[in-house]
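Below is one structure, written out as structure tokens, with a few remarks after it.
Chains: A, B, C and D, in written order; residue numbering restarts at 1 for each.
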Amino acid sequence: MVPTSAYLILAIILFGIGTVGVLITRNMIVLFMSIEIMLNAANMVLIAFSKALNLVDGHVIVFLVLTIAAAEAAVGLAMIVMVYRNRETVNVDRFSLMKW
Amino acid sequence: MDNVLLTLVTFFPILGVILLLFVPNKQHDTIKGVSLIIAFITLLISILIYAAFDPLASGMQFEVNEPWVTSLGINYHLGIDGISLLLIALTTVLTILCVLASWRSIKHGVKGFYISLLMLTTGMIGVFCSLDLFLFYVFWEVMLIPMYFIIGVWGGPRRMYAAIKFVLFTMFGSLLMLVALLYIYFQYQAFSGEFTFDLMKIIAAPPLSFQEQLWLFGAFGLAFAIKVPLFPFHTWLPDAHVQAPTVGSVLLAGVLLKMGTYGFLRICIPVFPDATVAYLPYICILALIAIIYGALVSMVQRDIKSLVAFSSVSHMGFVMLGMFTLNLQGVEGSVLQMLNHGISTGALFLIVGMIYERRHTRMIEDFGGLAKVMPVFATFFMIFTLSSIGLPLTNGFVGEFLILLGAYKLNPVYAIVAASGVILAACYMLWMYQRVVFGKVTNPENQKLTDLTGRERLVLIPLVLLVFWIGVYPMPFLDRIEPAVKQTLTYVEAAQVVQNSNEFQPVETVALEPLTADDETEKQMDDHR
Amino acid sequence: MAEYLFLVPLFPLIGFLINGLLIGRLPKPLITLIGCGSVGLSLLLSCSLFFELKALAPEARQITQTLFTWISVGQSPDQFHVSIGYLLDPLSAVMILVVTGVGFLIHIYSIGYMAHDNGYGRYFAYMNLFTFAMLTLVLADNFLFLFVGWEGVGLCSYLLIGFWYEKKSASDAGKKAFIVNRIGDFGFLVGIFIIFWSVKSLDFMTVAARAPEVFVFGGSLVTAACLMLFLGATGKSAQLPLYIWLPDAMEGPTPVSALIHAATMVTAGVYLLARTNALFIMAPDALMVVAIIGALTALFAATIGLAQNDIKRVLAYSTVSQLGYMFLACGVAAFTAGIFHLMIHAFFKALLFLGAGSVIHAMSNEQDMRNMGGLKKYLPITFSTMFVATLTITGIPLFAGFFSKDEILWKAFSSGTNGAWYFWLIGFVTAGLTAFYMFRLVYLTFYGKERMDSKTKSHIHESPRTMTVPLMALAVLSAIGGFIGMPHIFGVTNYFEEWLSPVMSGPAHDMAEHALASGGHSATMEWLLMAASVVLVLVSIWMAYYFYRKNTQASTSLAEKFLGIKTTLENKYYVDEFYGAVVIRPVIYFSLFLWKFVDVILIDGTLNGLAKLWRDVSDALRYSQSGQLRSYATIFTVGVVLLIAWIVFGINHG
Amino acid sequence: MNFELIIFGISAVIAVFGATMMIAQRNPVASVLYMILSLIAQAVCYVQLGALFLGVILIVVYAGAIMVLFLFVIMLLNLRGEEASEQDTPAVSQFTKYVFSVLLTLELVFIVKAASLDSVATQVADQVADGFGSVRQVAQVMFTNYLYPFELTGILLLVALVGAVVLAKRERDSYSSATDDADDDRSERVVE
């Protein structure tokens, strides 16, 4: 029997990796994927608690999150395409126009 | 009917604003016409109020008290006494004259200008007739915005600096005022269990503790002192005046400055009687400094407008001094002087504006010999100059004399120092007048100046009439002021008595010093030999 | 008739309003009619009022008329109540006669003198305004209303001195006059405050009646009040140290100098003292100050008068000196003598000025006596009338000035005050100096070589009838006017003293008489002193004759010998320069300091500095907004870590 | 050691490994592939937790659709690996990033440990019903209790679709004006 906390810790570790990814990567797409990882980590927590509490509502929420992630990916990638078209780069460090 | 009048006079200009919104930008004449009509009707309403006002009654008249935001205890409470009555009348008179005076001088953004002007009028009248502190605060802030635009958009070359300085100074004070306001609000609630901003109820409540009063008076007083402006908070004034368009200066000097002194009289003195007595010597000394300082500095100004602006500092010092004499003569003189200052300084700014329109300069050195080319102008200028230096039979004299008379009772030294300001006033005004109007026409550009037009004369003549009316027969005004002032002074008299009998608290004894010293010297003088 | 009292000042006011409002639209004759006619009507009314007053019993000689309440504040006992009201008593009756009488003559004179001036209408408007203000001053029944007239005449003086406003010196002089007068007015105001808060009234009658109850005899309060009033008087009447404006005031048209700066306005200070005699009599210390200032001014101005070359300036300093006499009289409590001299002085000094005006008129506006001479034969009427005036002012017996001046000298000598003898001596010396400089003027102007250039010479002509008739009228007055106030030792009634006695008595006077021992000198002494002064005057005249007629070389050599004194006198003791260096310039520099340093640097600098500080701080903080997404994210993470730490650990253990 | 635990162990290790490799790769294509690996491992965990439906969805939608979309975009833009980092982030700042990420992780772990969920959760977990997490059960809840959010999500998807189309559509005008905006940044690049 795998304890719930194990799943939680797995989720936390994934979340941590996602955080590191967001902080260190310059590539916008990889950055985006790191965010997806964090999102999935959160999903894992929801599912773990769903099981622990014997409630299926968590599943529903995860489902909704997945839907939103899909929408986000669609819009986000569209924006990346657009940005790339204008600037010919997806390096986030290049996008510092909104400063001082 | 009676209780509609105040609301009407306050918000009628707003109606004009709404009307103006529907007038196309380009139709300047329509815009000016609408503004003129609105200003005229507002004036008529205020005359109606003046006529219906009962000069003998001491309380508030035309009171309206309707709940506004019930959950916060905010009421729509309007009402006027003699002091507000005169200031409202002054406001409406100056407003219509301003509309006339700006007929030609505003060339761009005409619509915005008149909208600002009318909004400003509402704000000013609102301040003078609101009896709910929250409402007072709202109007106080409402008038700030149009003034900001008037200075900032239609002003001189350094208008942004001046406008921002004006707003920041005033905001700084008024935020402190807001804090103090809330403190009173909650204190009153703690005392009576009722949330209210109603000034009358707050005055009627037992006064706050002495320490609280000191702080709150400080906060309110600072807001008002900046507005007055009292030395050393006056530096926004010259900038604002010099940069503002003529109309801005007229309303600024004529009405906005009065809001500070009015605030002292309406709020500070009745609500914080003990603090008033305690702060009295300090405020008097600041007022004296303002009188002398303003006069000296105006003497060396090169710009006519900034000269008049600094003279305002001096004159408002008189008003403050008179108010804090806390005797009938001084306070009545002070209220009358508010009116006088509005008339004569307003008129001087109009005069400067008229000459500026012709020559596009305000430097004293650019003029000279105007009496030759513009005799009518010179005559009007002379009348207002004399009124400003307080020549008998002009309005300035009555006010100044009463103030000095009151000040002498408080402390002879105050009166003597202040009276020397009268000498200086003659120096700087006449010197300026001489350099502008007398002498030979040295500058060829001055040679072809045209004298005042009919419209300009129309603007100045009502003010001339007021100058002499108040100077020769001020009783109609004094009669209306007297009950209100008496009422205000009753709040402080109790405090003075208490402080006289109770000399334990150190701060109070400090406050008391000049009073007792005064009494003693007088006694000594009589006892001598 | 009494109910028409208010019309006396009102006529000139109406004249002013018509002439002033319709400036440049009226034909000249109409202006003349309105300008002179209004004053003439006032004169007629004044005369009839005078006779009406005379018909009353001496104690009842008071006509009051209150028009309306001017200012009223508060209620008893602190009520401040002042009305627009007139009071005609023997004193003001004398004054209105002088003002309207001399004023009317000068108005007439002005018709000729100002005939060719562009500002003819303006001139008459101002003159009428002045007459109005002066009549208000003398007829007012309370201090504040008197102050109205007081400031009003100051304003007119300002306007009329600066009448030729295109001349810088003229407008400068006007401004100077107004400002110096303001210094005096400041004192007057403070005096009013003291009186009001002591007596609780500003009414002359009430103040005079209540003064003994309210004030302690010789007390500091009443002394302060009197000194303050006297400060006002020194300003208006050009006494030390505020006399400096009067000589400059000669920039105005000459009739103005005659009316305002000789006959009427400058004597307002004396009138004020006489009007408030009830107060002054209670303040011996103040009276002493008045006497000292008066005596010193008389001597001081006379010495300056010795060395002036401008004909009008000589007369101006002479006026200052004569006013000093009047104050000396008031200072030794001889108010009647002061007023008597005031009246006589009004006649002869107006005459002198008008004569000087006639000379200047003839000389094409030349005022320097060094360029005149020998005018006697060209201007016979002017010469003879001016000569009468000169005889009067020097105090040749039986001329009016003799009586009035010797009255003052005798009163000064016989008064019980300390140093009475010194006062007499100063007055005596001054009389000698007066005779000298007046005859110097006459000799330089009318006798000797004709020093003017030929062009001017060809224009010399006697003045028109409108100018000479007033001269003759005034000459008659100054010759015989003195007979109404002859000293008692001549064995006749002193009508003038008798007339004024109701004003110069009252409870305060009783109190003062009680307190002060009278001098009590013999009639022999009076004769002796009179003779002494006559001798001195004759000697002085002879000296003037010697230096400026017989042996003109002597005067130049004498002048060379005492060059330092001469230049000092010519430069009027450098008083103007002194004031400039000690008062005016420091004030200007101090003001500049206040403006440029305190205002701009200290206050605004601090505030702008604060604003700049905030801007700099914000500027520095701005750079934290690098626009770098990842650094924002890092900061965000750090924040989250810290926040969680605070929530988890802080709350559990804190 | 039971079987479940072993499977969990393996899938957890793969999930963490995949995620780590994903952020460590320079080549985005490789990143995507590692990400898919990680997702499949996570799907195993889902199934273990009784969320069979979601596990399948995760693989089909996430790994199958979204990741392919990523891949597609990368290919479309022809992205090579990261450009040689011309301006290296300072070591300190880099270090801070790691430290705080680790700190965050540790904090969260601490919370989980401190909450001592296991004793409570295991008891409940034993009682999980048979059909738990099945399509039927999830659908039942979703279309009753969560109908409204579900519909909203549908609209959101639609909006996202439209938005993506609008954004990605090549427009002549906006293209040129957008390049103008970016001018200064590009010049910077030229210099470099």
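Side notes on the structure shown:
Heads up, the rule we're going with is that a residue touches a chain if its C-beta (ideal position, glycine included) is under 8 Å from a C-beta of that chain, and two chains touch if they have at least 3 such contacts.
Values in this document were obtained by computation on a predicted structure and should not be read as measured data.
Ranked by the number of C-beta pairs in contact, the top chain pair here is A-D. Nearest to the overall CA centre, using the mean of each chain's CA atoms, is chain B. A separation of 100 Å divides the Cα centre of chain C from that of chain D. Distance between chain centres (mean CA atoms), chain B to chain D: 67 Å. The centroid of the Cα atoms in chain B and the matching centroid in chain C are 36 Å apart. If you average the CA atoms of chain A and of chain B, the two centres end up 64 Å from each other. Under the contact definition stated at the top, not a single residue of chain B touches 2 or more other chains. The residues of chain A that reach two or more other chains are 19, 23-24, 26, 93, 97, listed in rising order.
Touching two or more other chains at once are residues 630, 634, 637 of chain C. By the document's touch criterion, interfaces exist between A-C, A-D, B-C, C-D.
Across the complex, chain C is touched by residues 168, 232, 235, 238, 293, 296-297, 299-301, 327-329, 332-333, 369, 371-372, 375, 386, 391-393, 397-398, 401-402, 404-405, 408-409, 412, 415-416, 419-420, 422-423, 426-427, 430-431, 434, 437-440, 472-475, 478, 482, 522, 524-529 of chain B. Contact residues on chain D toward chain C in their complex (touch as defined above): 89, 93, 96-97, 100-101, 103-104, 107-108, 110-111, 114. By the touch criterion given at the top, residues 19, 22-24, 26, 92-93, 95-100 of chain A touch chain C in their complex. Partner chain B is touched in their complex by these residues of chain C: 23-24, 68-74, 78, 80, 144, 147-148, 150-152, 155, 158, 162, 165-166, 168, 171-172, 174-175, 178-179, 182-183, 185-186, 189-190, 192-194, 196-197, 216-221, 224, 587-588, 590-592, 594-595, 598-599, 603-604, 607, 611. Within the complex formed with chain A, the residues of chain D that make contact are 2, 4-5, 8, 12, 15-16, 19-20, 22-23, 25, 28, 31-32, 35, 38-39, 42, 45-46, 48-51, 53-54, 57-58, 61-62, 65-66, 69-70, 73-74, 76-77, 79, 82-83, 85, 87, 94, 97-98, 101-102, 104-105, 108-109, 112-113, 117-118, 120-122, 124-125, 127-129, 132-133, 137-138, 141-142, 145-146, 149-150, 153, 156-157, 159-161, 163-165, 167-168, 170, 175, 178-179, 181-182, 185-186, 189.
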